Amino acid sequence: MKKILNDPEKYVDEMLEGFVAAHPEFYRMHGDSGKVVARAEKAKAGKVGIVTGGGSGHLPVFTGYVGEGLLDACAIGDVFASPSADQMADAIRAADQGAGVLRLYGNYGGDIMNFDMAGELVEFDDIECTTVLLTDDVASAPPEDHAKRRGVAGMVYAFKLAGAAAEEGRDLEGVTAVAQKAADACRSIGAALSSCTVPQAGKPTFDIADDEMEMGMGIHGEPGVWRGKLRTADEIAGEMMDRLLAETPLSSGDRVSVLVNSLGATPPEELYILYRTVKQRLEAAGATIVMPLVGRYATSMEMSGVSFTLCKLDDELEALLKAPCNCAFWRVG
Amino acid sequence: MTLSKAALVQAIDRVTLAMERDFDELNAADGTLGDGDLGVTLTRGMRAITQLKDDLPDDLGMALMQCAQAFTKSSGSSYGTLMATGLMSAAKALKGQTEFEVAQVSDLVAGARDKMQERGKAEIGGKTVLDSLDAVARATSGLDDKEAVASAAADAVDQALEEFRQKPATIGRARIFAEKSIGLDDPGMLAMQRIVKAAAGR
Amino acid sequence: MKKILNDPEKYVDEMLEGFVAAHPEFYRMHGDSGKVVARAEKAKAGKVGIVTGGGSGHLPVFTGYVGEGLLDACAIGDVFASPSADQMADAIRAADQGAGVLRLYGNYGGDIMNFDMAGELVEFDDIECTTVLLTDDVASAPPEDHAKRRGVAGMVYAFKLAGAAAEEGRDLEGVTAVAQKAADACRSIGAALSSCTVPQAGKPTFDIADDEMEMGMGIHGEPGVWRGKLRTADEIAGEMMDRLLAETPLSSGDRVSVLVNSLGATPPEELYILYRTVKQRLEAAGATIVMPLVGRYATSMEMSGVSFTLCKLDDELEALLKAPCNCAFWRVG
Amino acid sequence: MTLSKAALVQAIDRVTLAMERDFDELNAADGTLGDGDLGVTLTRGMRAITQLKDDLPDDLGMALMQCAQAFTKSSGSSYGTLMATGLMSAAKALKGQTEFEVAQVSDLVAGARDKMQERGKAEIGGKTVLDSLDAVARATSGLDDKEAVASAAADAVDQALEEFRQKPATIGRARIFAEKSIGLDDPGMLAMQRIVKAAAGR
């Protein structure tokens, strides 16, 4: 196992300890579960709160995106495991400024059950909650079943856009509507070249030969749509763009942002090689690229591979995308 | 025929050992179409319960409630949450009792199945842990003898696996690979087979 | 080879094409060699220029750090190979605002020979040049031979500190003095768990067993001081801190910045686990940690491993560290 | 005895082939204590020269200068830069000539060695490519016959490798591992052995 750690059982606790120690200007632990991260400085009273939650092992997702113009708090579980309902309830309480809280997270069974339970718990605190689920992974179900799809890197856009709407002072209904609009605007697809290892499992989640790749793989190593010989960067980017553009038809004058994301080990050098094709395909469709993001935004620890996310913009979303935000991993404005 | 806390503690020990033994197998089964953490979930959960077991109250309801909370705290995966939900359902049913009738087993399992269904919003027949529990509830209905219940439950989880193997997954991560899941055991059903058999001493 | 690319021969050209396309607000290609990156907007006239150069495969080093409060231009070679003297001369010309140019780079033979030749070439353009070499890797020679040491992640601090001094309007001599002071203030050490692959070589530079690590390894896979079984995070961080503190003795009241850097594949989760020990050791020595940096600042593509850099600060360096800077990978202020 | 551009072009072909053949070996030799790119440097450099070879001018000085520039453009590694420096030195010496005397070889090699020493600031005797060139310059001194020069040069690079193998590296990346480098060939000397022998048709 090519990992630097102490006790696999303490992986997440020690990670979070270092995380808040390294960035005290951005993050603090909330409550005593040790699994809830909140903004170092509470947002202004009356702002709608936004929480997310999910398993560890995806940095900067989830905890990294707690910050101004983004999230208010986050409950974080073990690697690839949902936090508990109690922890999620704590995160909701940390995020609440009296104007209600949006739960914004990926479509995973454990997270849904626990966030639902958490919602029942905070009903006693009179905190009004809404929910928006990310279902952006086009490889995980056909378009007619899009509600079954997994949530992947599209949540980066959802956090940003809903976060900006909340920071602007919109009410819970308004922020929830923006989050849903953002979730609807995003489509993603991933391709993996190697597995990551869940510390407690101690061995790679899946085996894949040295000259193989898998198209459509999920962010936890869930299988994709095909496995085969490793193709060239242009071929990989071409197929990924084909699959995305099939669901997000673009025409002249459309505006779109795109996230070319490393799943972890894949270096930025390779992302830039891929970005050439992404840009060429979007421009060939007549679209204007707004604020392209190239880097590591949503990862699976040391997995090698990439994902692309298209986020189609209108005036409202474009303005929200360009609005200021600030956390240890991303700053705009 | 009644059982008390001692029987619960013994069952905890057997299930804990079984989960340690099946750690890799359950991770692998979950890894085929999911995220490969089912063994992790179950060993963590059972270890957390084992830590409590010497201090469990005699009130079986309160004892099971503590077990449920241990599961909740140790893991937030789907299975951990469902297990906690099922344990909590049994805990409510047994609240205030220090003994329970073997004849209650079927109802307790059926109650857990229903609460878990409410929580996870899956259908019976969808090839999930619910189907294993459903089979156990039906097979043990009307039985009052400890050994008879144990045998019926153990057979039921085996048969449920057989019966559902060729069906497609409809829920959880594997739903996305409905085609590929045909011929594969549902990892949650596999885990429930091991849990029930260990609890039944089989 | 677990890499996403097209033709290995075109790796760097395609990478740079995507790089400037993704970040046009920060970077532009200068001249026609295709290997010189300059700021999108020239710095103000009269500012001392700072150039660097070296092999590709270390993003954000080198090209990534072209930007306000950092570098003016950079010549970039093939993976792990120096750019040519002509390209370096071009970079020097791009950086020149009439106040002279500092060449600030790592102590590697090829880079030195070529930057020396480049200096001879730009003498004809009447551009005054100075040189500061980074020699921060403590594992690469004993303290008495420190001039022989390799330059590694310490250059991130040198770019930042010299860049701030230049932006402030200091003259060539002053900027060069700051750069030298920064270089003298930095000590680094790395540890690798796996190799990277040079695209044109097509296979890993070195073999290392799945349960092994190498302490003191260089940023191109040059051997380190020992190879052995993989240790725990606390042990690894402890030994790395021992080696750094042996050369940078700290006492109560000292201020120090520290960079906990991933060599590429190692995820931030592991860096945070390591940072706990780093912080504890520095605080135990009585030092105050200023602006700790945890992330991927100087890499070897997909190598897994980490490096630590200590940069001891005085008032001048602390102020320069905190001064604003902005590029696609790092923003302060 | 004189040689002209045709001989140069033939030598280019032979060296290019040898570098393709030794690609992995030179990368591996450099990878032991360095960054593993020496094979890459040399195949790239020779491929760039090969692309020019049909259009090289008859003026041997100008032809070698174009070869030097091709090397510079194709690679900036230490070895590439030193090769370019050495070729440039020979280019200056032969400027304006379309033929050159075999008897000049020793001086041309010695001239390259000196310019490369100036550029790289290494000592003769430091276990680098300079020592291979030094051995060739000395061994070919006073010889006027093509075959005699070729044999003497080929023997000299072999002997230089033998002579320096047990010495420690003093320069380049390997200097840091002076101890470990004892018993290993310097990759640059190894490369020069292959280059000289290929050029000499050995």
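Should a chain be cited, it is by its letter among A, B, C and D, assigned in written order, with residues numbered from 1 in that chain.
Just so it is clear, a contact is a pair of C-beta atoms (placed from the backbone, for glycine too) under 8 Å apart; a residue touches a chain by one contact, two chains touch by 3 or more.
Just so it is clear, the structure is predicted and the values come from calculations on it, not from any experiment.
**Student:** Measure off the straight-line distance from the CA centroid of chain C to the CA centroid of chain D, and report it in whole Å.
**Tutor:** 32
**Student:** Centroid from C-alpha atoms only, then distance chain A to chain D, rounded to Å. What do you get?
**Tutor:** The answer is 54 Å.
**Student:** Counting only Cα atoms for the centres, state how far chain B is from chain D in Å.
**Tutor:** Each chain's C-alpha centroid was found; their separation is 73 Å.
**Student:** In angstrom, rounded to a whole number, how far apart do the mean CA points of chain A and chain C lie?
**Tutor:** The answer is 30 Å.
**Student:** Quick one: do these chains touch in a line, a ring, a star, all-to-all (complete), or other?
**Tutor:** Contact map by chain: line.
**Student:** Touching pairs of chains, all of them, please.
**Tutor:** Applying the touch criterion to every chain pair yields A-B, A-C, C-D.
**Student:** How about chain D: which of its residues touch chain C in the complex?
**Tutor:** Touch list, chain D to chain C: 27, 31-37, 39-41, 44, 72-73, 75-82, 85, 119-120, 171-173, 175-177, 180.
**Student:** Per the contact definition, I'd like the list of chain C residues that touch chain D in the complex.
**Tutor:** 55, 77-87, 108-111, 113-114, 116-117, 140-141, 148, 150, 198, 200-201, 205-206, 218, 220-223
**Student:** For chain C, which residues are in contact with chain A within the complex?
**Tutor:** 1-6, 11, 14-19, 21-23, 56-57, 59-60, 193-194, 210-211, 230, 232-234, 236, 260, 264-276, 279, 292, 294, 296, 299, 301-302, 304, 306, 331
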